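There are structures below to look over.
Both complexes below contain chain A, partnered by chain B and then by chain C.
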Partner chain A sequence: MKKVFSLLICLVILTGCWDRKELNERSIWLATGWDVAEDGGVEISGQIVIPANVQTQGGGGGATGQGFFAISAKGKDVRDALQNMQAKLPREAFFGQRRVIFLGEELAKRGVKDKLDINGRSADVSLRTDIFVIKGGTAKEIITIANPLEKSPVIATLKEHQESGGRGDTAYLNFLTAANRDGITPSIPSIEITKSLEGKAAGKEKSPNPKLLRLAGVSVFDKQLKMKGFLNNEENRNILWVMGFLKKMTITIKDGGGDKSIDLRSIRSKIKPTFDKNGKPSFTVTLTGEGALTENNSGLDVTYADNLRRLEKEFSKQAQDHVQQTINKVQKEYRLDILGLGEILHRHHPNRWKKLKTNWDQTFPGTTITVQAKIKVKQIGMSGPSLLYRESEIKK
Partner chain B sequence: MKLSGLQIFWLMYTFQTGNIILLTISPVMKDAKQDVWIAYLIASVLGVLIVYIAVKTALQNPSQTLIVFSKRILGKWLGTVIVLVYLVQWYSVIGNILREFADFTITVLLPRTPSWVLLLTMVLLLVYITYIGGIEGIGRCCEVFGPIIMFSVVMLVIFSMKDFNAANLLPVFTDTGVVPILNGALTPLAFLGESVIMLMLVSFTDKPDKALKGAVWGITLSALTVTIVAVCVLLVFGPDISAKLRHPSFDVTSYISILGFIQNLEIIAVLVWILSVFVKLSLYFFAANYGTAQLFKVKNWRTLIWFTAPLFFCLAMFVPSHSYTFGYMKTYWVYYALPINMAGIPLLLLLVGSIRKKLALAPPGQ
Partner chain C sequence: MFVFQKKRKPKHQKTLSAMPFNEELSDDLSENEKIVTKIFHNCGDFIVRPIQINGKPKILMFYLEGLLDTKNLEIVMLKPLLFQGLPEGLGEITSLKQIIDQNLIPGSSFKTVSKLEKLVEGVLKGELGIIVDGEKNALLADFKGMEQRNVAEPATEVTIRGPRDGFTENIRVNSSLIRRRIRSTRLKLELLTIGELSRTDVAIAYIDGIAPESLLKEVRSRLSRIEIDGILDSEYLEEFIEDVPYTPFPQIQNTERPDIVTANLLEGKVAILVDNTPFALIVPMTFWSGLQAVEDYYERFWYTSFIRIVRYVLFNTTMYLPSIYVALTTYHPKLIPTTLLISVAAAREGVPFPAIIEALIMEFVFEGLREAGIRLPKAVGSAVSIVGALVIGQAAVQAGIVSAPMVIVVATTGIASFAIPRYNLGTALRLVRFPMLILAGIFGLYGICIGFIALTIHLVNLRSFGVPYFTPVAPQIPSDLKDVLIRAPRWADRYGPIFTFGRNKQRVDSGQMPSPERGGADQ
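Moving on to the complex of A and B:
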């Protein structure tokens, strides 16, 4: 009996399998681009690895070609477009390594609510993915741009995003969460095409001045998930700081006597709502940051505690003003609560929020938001005053 | 065929954990939102109560299974009706779980494999373990699978800690209220209540008094594990997204990314679930076969396997109804099986049984 059983089970288990797919039967897909097709459908573009060109082992020479190629097709929705694309793709597309989603500006403006379902339905992609709106361009262009340092440009994009202290690969989940809530409107990081050297025409491929992708701040969406506009990189950082996402940032004081910079590392934000007697909320945003003084072009000798304290005050004032300006801009220009202040009310004053939430879109632009920043200098680097100043010029 | 107390413990733990983690979190999030943890805690307490009652009931007649002692307690006819109620539950749930297993595996793992292959493989495995091992074989299996499941779950929870966002827990209670939370608690309770199968298992233990401890601890630990995972899902995804995903715990595993190279761990989640489903199926399969045999006084219960195995395969394969796949747990399990099979009947048996015992003890004529 046992033998019969074992035989039967072996028969079923060991006869190979329907879903066996060798790596060389798959095309590994790194990034997906969404654009509007002329007929109102979508145009999907993809960046696919060329496996032979990305092998790094095996000594010098060998793999020198481009590590990827781009492909696109139009369709009614994503799967339709992919079916059209498969007609010119010899291997089956595999999305398990898809790390970035690019949305063309036009598509973002028309709205993404009825476009992105595939990212949550398909089992082989993770919700952990980076997402960008392309400022002034289409995903199709973006997806062709190589990066000289990384074999796959998508990895470069991801790293740029993380290195600049942004949301990184949690961006899509952030967007989804915001889209599902009343007290916050969604925002998506944005990216644009630029070139390595500013102000010079980009060279051809392999020139020392190639085209590059640059983070371009953040795009603001409304509740219908239609894009309303952009905020630039500095404004984006200010907003991320308030929201508590920011991981690092440099603040520079413009000063006639020499500019100074601080690299902030330990960055925090605390938002405290208060209510007047009519129940109208106002917010105090307390921003804190600690970091190292990394540049001091003035004659100030920072080994003196008084000078440091003065510097800290100047940095704090600057941060406070800039963040305040950004918040005012968001309130006036976009009138959308991308900071998630409504969510703060929801979490900490749920009963008041029940009354406020129906009118929050109207209330938010007129809400008083006060910013306070406290910046601490923890390290000052290797010199006291700048080495370029004479003893008599140093301010002690 | 004898089970030790430790085997009962692992049996209950494995039987419950995987399935509850995969299938209950989303419906609970829908009702109880950020208060899922309250819902799960309530379900845990009641779930432990259910297993306690079930074991206590069975311990009144520690050497007999439900099939025999229900007739003894309630009389021939009512007893048979009760046994039939349970057999309906066991027979129907096997088809449903088999289908759930095929559906999930095809969706996440083997998109081109026809479902009959998966079903046939699983049914053959079930036949194998029940025919050769019987209940003891299943018990030994659990002693191996249980720790694997526990370890994997703990590991996955630790890996996802990096993505926790404590703000997702707030606000407590105000968004939901008592009714939604209790509503939410129903689903995990209906799964934890499956431990009522102890009515069958107690008679197979070598020392019946150890069964109570093993079963109660197994369910407690399982409920605790599930609660932790639910909180973990809430902390990573928040209530809105989790409620819309079908298997949020699976998505949390695929969301894990440590240092950019510990990724795509969802296969571990699938493993945990398949181990758990296998144990669940084999336990129900055993109960269905053994129970039917005892009811119809078939001498060797193993012969029944040759009839039931094809039946279950056909049930999962050829009943092409969406309500059997997607609506079974939501309606039959929560609104019929939970109040009747898991709570009502065991209580009835316990009450009537203890009254009968007292009457029997009391000297006649008083």
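Moving on to the complex of A and C:
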């Protein structure tokens, strides 16, 4: 009995209500933004849920007002800024559900190496978080833009990222692993402000043409974690395909006789390093993809296997060319190995890598990278040729 | 526990034991009458009926009214003796032996007793006492015919498919319900009497050759140790014979279904029937038998296996759902999916109490509602459900006193606890839930882990008549697992539980799985 009691007492003394906090004493952050403050410190901005506005209670009418609000404060580092912020925030900041990090473009250009430590140190935050560089803007600005579909706009950006086949909430983890390795330089997806209807002036928040956030490709960082520039969405997809992150993609062939599109679902990439006599490395990238033919505006009857094979070749050719162009651009323009080819080399030939490691940054731009693509059409949809063509026009 | 252990006081005088009878039966009828009437002095239901034959008082009959079938008595005994007279040629009745030998009374069961004590006991049981002039012995005739409830469907253990008879308050009827299911002389019913005043009949039922001798010995010795004034229900015995008194978990199974008793007897377990209650006890009980319903054995094994898994899930729901809810919302909101967390946070907005207090209040109210629902007379019963549903469920949420998710959690937990087939296991769970909740409120998931570990240690340490409570999972007996998480089809589960049934025996012959090779009707 005494043993049991002493055990119970130990339980009470040795632990305790160290982090007991009711939900309505916490302010749930969904996103944190980093910007440059004038004095060289950081300006932290946050998007916080207003629970009462998110949920309708007891059927008493719809939710009124925004489901979130934005807040920001300046400081020497994040905690300092948060301390300053707490003075105007009635509840303790809770980062356990933070899903997205926004980095202002200016901050990204100046470098983030000495800024983001808190994301790996705090036990509160999750490493599974999405991260974006804001193309032509600041985090503070982005964090106020509502989304008409999602109660919290941040979740909307995360979903946009995932739906368009990107890295989603593994983006920050990828960034981290790239940041502290030799054979790869980091890249962070980027986002920009646009509006619902292109080419028209954006309306107010609740209008049918509100401001929206759009995925804007990827930003390229160097080893010092300073941003060097952007790649557009298509280039982003090509790079992700090579890296093996891409989950879905649509390829369209421009053709005078009618454009054709394929939706790729099962996408893979295989990179094989080889060496010539001088020990100079080269890479063969084999891209494979399977998918459904979703559009065929030509009179080509795809129920014939020959036609289908020809179509597959065309798709493969196009994918191959585009990926090759993107890789060339990365090699020439940025001269940074964001594809992680160094890491591939490291994995395949650890001994050779030891020698190559030191000046990989100089070697990479001159390396030969050959791209091969194999695309297969698995489904052709409901009709062979387009139904708009007459019998005589159909190419069999 | 030391609270309950008081210092030994000098023994109280035993007021319980039966009063000794000093007198002995004499051979004088009027003397005997005096003795009997003195013993039953002031017993308003005691009736003495002297019968004169040939003008002289010859026979004395006495009984307790209501305990025997008076109508039958009149037809069988009184009519021939009083009106029709004795059959010709028999002469005078001189001895009791003569009554029996010459088949004067068409009764079914007679016995001669010489001791007054036995005579009184018999009368108290509802037998007819007969004393004949000039005899020192008395006769007990069985005319038992007490008013009693008919065999009806048991109220607490209902099935869709399966027999619908349940035990009654009469131990004879109950034993006959078992006997009808096992027509073998190997079904034994050992009779005992427990209770100094109540003199309650208790029967130990088992199947000879299947129930282990060691278990039987243990049951007999534990039952014979009981000294108490009266037994009103089998639960009285349960508290005396269980292995671990300080635990909320039942170690003895009770049932009012004869088919459950029979099934357990076939597995080598021992049943204890008690007079005046429809609840029979079955020993030993394992934790898993607490989660098995009768119907498991009357439905197809696929469905049974599925419903068992559902039950295990509900079991854990009962134990941990409120605790996990409290722990997650107050300590680990990070573990809740974002959208769900926001919904919960929205619902909790404006609730004045911490989640743990809220949970305790709601659990308490639920227990109150449940108790009120059972105790209230049927006519007002519906009022409780209305008050419960409207006031607690809706009004409290709308008033912002409790949050809607908490109501959902508590209601789910409550329903889950009723899905456990053995009511007394369910009540144990409902009790354990509260400390678990408090642990969760103080330590979060860490507390739940501690509670889980402590509970598991406690449960595996329990024994029921020497059989570990978690048999056959811990200690693991692979062959017995066929009837735990799932129920294997009958032709596949060929052996009984090893602890009671023993090894080297089988219940079902091998190779009985139906298949075309075994031959069908058209072959």
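We take it that the second predicted complex is superposed on the first by the 371 of 396 C-alpha atoms of A that agree within 3 Å, B and C clash if a C-alpha of one lies under 4 Å from a C-alpha of the other, contacts with A are read in each partner's own complex, and residues count from 1 in each chain.
Operating definition for what follows: a contact is a pair of C-beta atoms (placed from the backbone, for glycine too) under 8 Å apart; a residue touches a chain by one contact, two chains touch by 3 or more.
Because the structure is a prediction, the values reported are computed rather than measured.
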item	value
Contacts of A:P51 with chain B and chain C, given as first, second, both or neither	second
Partner chain(s) touched by A:S126 [first = chain B, second = chain C, both, neither]	both
Touching partner for A:H346 - first (chain B), second (chain C), both, neither	first
First, second, both or neither for A:L176, with chain B first and chain C second	first
Partner chain(s) touched by A:G96 [first = chain B, second = chain C, both, neither]	both
Partner chain(s) touched by A:N278 [first = chain B, second = chain C, both, neither]	neither
Residues on chain A lying within both footprints (that of chain B and that of chain C)	1, 12, 17, 19, 96, 126
Chain C residues touching chain A - in the complex, by the definition given at the top	1-2, 329-334, 336, 338-339, 341-351, 354-355, 394, 397-398, 404, 442-444, 446, 450
List of chain A residues in touch with chain C within their complex	1, 11-12, 15, 17, 19-24, 26, 28, 30, 49, 51-52, 54-55, 57-58, 94, 96-97, 99, 124, 126, 151-152, 155
Chain B - residues contacting chain A, complex	107-114, 117, 120-121, 124-125, 127-128, 131-132, 163, 167, 170-171, 174-175, 237-238, 240-241, 244-245, 251, 254-255, 257, 263-264
Interfacial residue positions of chain A with respect to chain B in the complex	1-2, 5, 8-9, 12-13, 17-19, 96, 120, 123, 126-128, 169-170, 173, 176-177, 180-181, 343, 346-348, 350-351, 354
